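This structure is in structure tokens; I'll ask about it shortly.
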Amino acid sequence: MSPPQPPAPLRVTVWSEGRHERRDPEIAQRYPRGMHGAIAEGVTEHLGERARVRTATLDEPEHGLTEAVLAETDVLTWWGQAAHKEVADEVVTRVQRRVLAGMGLIVLHSGHWSKIFTRLMGTTCTLRWRNAAERELVWTVAPGHPIAAGVTHPIVIEEQETYGEFFDIPTPEELVFVSSFAGGEVFRSGCAFRRGNGRIFYFSPGDQDYPVYHHPQVRRVIANAVAWAAPERVGAVPRLTHSAAGWFETAAGGPA
Amino acid sequence: MSPPQPPAPLRVTVWSEGRHERRDPEIAQRYPRGMHGAIAEGVTEHLGERARVRTATLDEPEHGLTEAVLAETDVLTWWGQAAHKEVADEVVTRVQRRVLAGMGLIVLHSGHWSKIFTRLMGTTCTLRWRNAAERELVWTVAPGHPIAAGVTHPIVIEEQETYGEFFDIPTPEELVFVSSFAGGEVFRSGCAFRRGNGRIFYFSPGDQDYPVYHHPQVRRVIANAVAWAAPERVGAVPRLTHSAAGWFETAAGGPA
Amino acid sequence: MSPPQPPAPLRVTVWSEGRHERRDPEIAQRYPRGMHGAIAEGVTEHLGERARVRTATLDEPEHGLTEAVLAETDVLTWWGQAAHKEVADEVVTRVQRRVLAGMGLIVLHSGHWSKIFTRLMGTTCTLRWRNAAERELVWTVAPGHPIAAGVTHPIVIEEQETYGEFFDIPTPEELVFVSSFAGGEVFRSGCAFRRGNGRIFYFSPGDQDYPVYHHPQVRRVIANAVAWAAPERVGAVPRLTHSAAGWFETAAGGPA
Amino acid sequence: MSPPQPPAPLRVTVWSEGRHERRDPEIAQRYPRGMHGAIAEGVTEHLGERARVRTATLDEPEHGLTEAVLAETDVLTWWGQAAHKEVADEVVTRVQRRVLAGMGLIVLHSGHWSKIFTRLMGTTCTLRWRNAAERELVWTVAPGHPIAAGVTHPIVIEEQETYGEFFDIPTPEELVFVSSFAGGEVFRSGCAFRRGNGRIFYFSPGDQDYPVYHHPQVRRVIANAVAWAAPERVGAVPRLTHSAAGWFETAAGGPA
């Protein structure tokens, strides 16, 4: 066995629509470098040299998610809200294939209704909501999970958009966080999925109307999720394979 | 194939400690026929002739759970709070074996800390609590699950003991309900498990200090759970089995 | 409470491509009433008057799956192999919505690669295969599950197409059967999923080249699956819902 | 944020009965440093300086698992076969508590019937078996899982004891491997569980009668499992906690 090498830094692409911050001065003041900027900052803050973070937004060519960018992305984070329909189907298919090949995907807040998330889930991904500046408490229900490492119990977010059940998703492979809101709703706010060779984490806190992506604990969770979703290596999309009997006896063998 | 027979009625045994109601006049007034009486009533109310319900309590010989009683029980419901330690280990083992053989088990409220539940779970089954007459909202997170059939979303319970996470249980095979409490806590209040040939459902609403077992929706959930946990037939406890190669080719074949 | 009514019969639609049997005399001899005919026969054999079974095939108008037919279908079974691409996207969307609203869906054998299954799963649903008349053994890994009720352990199928892992599906909510094949492959052959208000079961045994749908145990599993997937009632597709604070206090309350 | 520190090496304790190798010359020749020696070697081979490995065996005082040893153990691996009953209940309780507090536990082969595994699972953990030198194929069913990283698909083990279903365990939180055996049996051979703050992995390959712990791929899986089971930090055993309303507003906040 060769000695373990220092691992190469994780290549993270932080994606968001990037429009609210340009159009609405209040949001621009809250997120002067964009929500993607705040999210990227939080990842760097926690992962330091373990990650190399770049951002991409909707209005770039191919939404900033060209084949070349995805080929160099180990984990993609996704925030969208008002312009889900403007995301090109071709890019959605490209991202989906990359996830099935192994790229990690972190879907944030209103990204629950993005094309890429509903495509990967197969359900409507709808939920109950209101925007009433209610307090959100994020409770850990899987304390041994790496995404919960170092996270306070509960995370207290003073003001947030309210999300409530029923959240129409497949049963998460791992349920990490459940939130309550001042109005009484509950929401499965931290949900881990495996699809193909890839890992997906949905995390609901975060909104353009509240400074949630500056919250130290929210940043910690997102950074933990990025680290957790990192693949050993991104391989190929699973495909239909014809195999003769006994193929494995002579084959060198490879991954599943 | 023979034509389907009218199914035999489900044999349900409702167990509780049966002491609070004898010692505390206020509780006696709330539950004149005991908490077991109220729970049994709710099951009968919903399942009618589909179930034959009896009750058993701690201070009966062998806690009312003799081999004979268990042999005639398809689903057992369990409520305990103050006297978990008084339940004989021999009876716990007997119930555990019956569950693994296929008997359904519905564990209610403070039964989370009973010997039988912690034995079957392998964890501490501890949680966070306070008794402050807070409003509990029980939200369905698995609307297609039979235990949620006909249940309002949310169930509103005006006053309840508060339970909160972290609830130290194995990940439920199916999470059906999540509650919020007025104080902000959340709790996985409806959890389904499979163990051996048996099915287990934990449902947290219900307490000696509040009339929760008279709540129509709580009764509906418990009745649904009893119906869901009913085995096709109670078979044998799984056991270590030595099998010669090809045993299945000549065997008549039987259940797993 | 009103006394329990005799339940209305389950409305089952058995769908298949219906082409192999018309084109290939050998297959026609094996399945003189079509594969759909054999499957329908097996369901009726086991569920008797509890089910009312009809069939539909690809070449009927709208593939026999009009809005009207789906509105009267509680459980749909799906067999496809050579003509997945010919299924109209509009019909796929219609079936998907009906499943999310609560209709049960049983996907059989090569239906793993159908549009409706891959749409609901969000993954490629690809696998490893060869057609070599190998013996398949279907082992129960969830003996308490209703779909395994009365099923021998293992089911021995003398000749079958071989399917092997990796099967690119989301982790099933419940894994009921795992198969081995004479050549050494294993396959998760019985997988239960919940999506929206609906239940989905994938069962891999069955092929046009082998008389698998005449196998008594295979028929039993399919009939069990149909009964398990039956909804309490088919409701609405989940949708994005705006709710004012405290909406549940005054609302009559309804399903999730 | 402080810059990330080089992580402290993982403290691994490899436990086995350590008797077969002393009593049976053939086994001694196969495993000259004991099975624990071979297992420890494999972990070191893969994790190198990331792990500090020691061994402990049944006949040491307190089976080599004193409070002091466990306090310095991040991950414990367990192999037992003939002497499960000789393990002191006090030590079992000690290990169980340490797992619930966060220590990783890797249970190997016939360890399925150990006191510690059955205690943590709550079921009989029984299975079907024969000792007939059959070929085992270990198939990956969760290719994105860290325990499957770099593992061939399938792992081919020329001769092994045969294990078959039904394996009476709770549904694993994550099913990573499924094996087939030449005789036709299948077995869920790689099963991940979370209990309390700790992670548990059961891996079935390995036996005193076959050189399985010298198999490069088996060693890789065990090393991967050790790395996966490593806790961020071992905390406290979950316990019943009384909390006043609003406790989280003033508390500094801590882990769940």
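Every chain is named by a letter (A, B, C and D) in the order it is written, and numbering of its residues begins at 1.
In this section, a residue touches a chain if its C-beta (ideal position, glycine included) is under 8 Å from a C-beta of that chain, and two chains touch if they have at least 3 such contacts.
All values derive from a computational prediction rather than experimental measurement.
Enquirer: Touching chain B and chain D alike: which chains?
Expert: A, C
Enquirer: When you check each chain against chain A and chain B, which touch both of them?
Expert: Output, common partners of chain A and chain B: C, D.
Enquirer: So which has more C-beta pairs touching, A-C or C-D?
Expert: Between the two chain pairs, A-C has more contacting C-beta pairs.
Enquirer: Among the chains, which has its CA centre at the largest distance from chain C's?
Expert: Between chain C and the rest, the longest centre separation is with D.
Enquirer: If you average the CA atoms of chain A and of chain C, how far apart do the two points sit, in angstrom?
Expert: Each chain's C-alpha centroid was found; their separation is 32 Å.
Enquirer: Approximately how many whole Å separate the CA-defined centres of chain C and chain D?
Expert: Chain centroid spacing, chain C to chain D, equals 37 Å.
Enquirer: For chain C, which residues are shared contacts with two or more other chains?
Expert: Answer for chain C, listing residues that touch two or more other chains: 137, 139-143, 153-154, 164-166, 171, 173-174, 184-185, 194, 196, 238, 248, 256.
Enquirer: Contact residues on chain B for chain A in the complex?
Expert: 135, 137, 139-143, 153-154, 164-167, 171, 174-175, 178-182, 184-186, 188
Enquirer: Can you list the chain A residues touching chain D in their complex?
Expert: 1, 3-4, 45-50, 102, 137, 139-146, 148-154, 156, 173-174, 194, 196-199, 231-232, 235, 238, 248-249, 253-256
Enquirer: Could you pull out which chain C residues touch chain A in their complex?
Expert: For this pair, the touching residues of chain C are 96, 100, 113, 119-124, 126-130, 132, 134, 162, 164-166, 168, 170-171, 173, 183-185, 193-196, 237-246, 248, 256.
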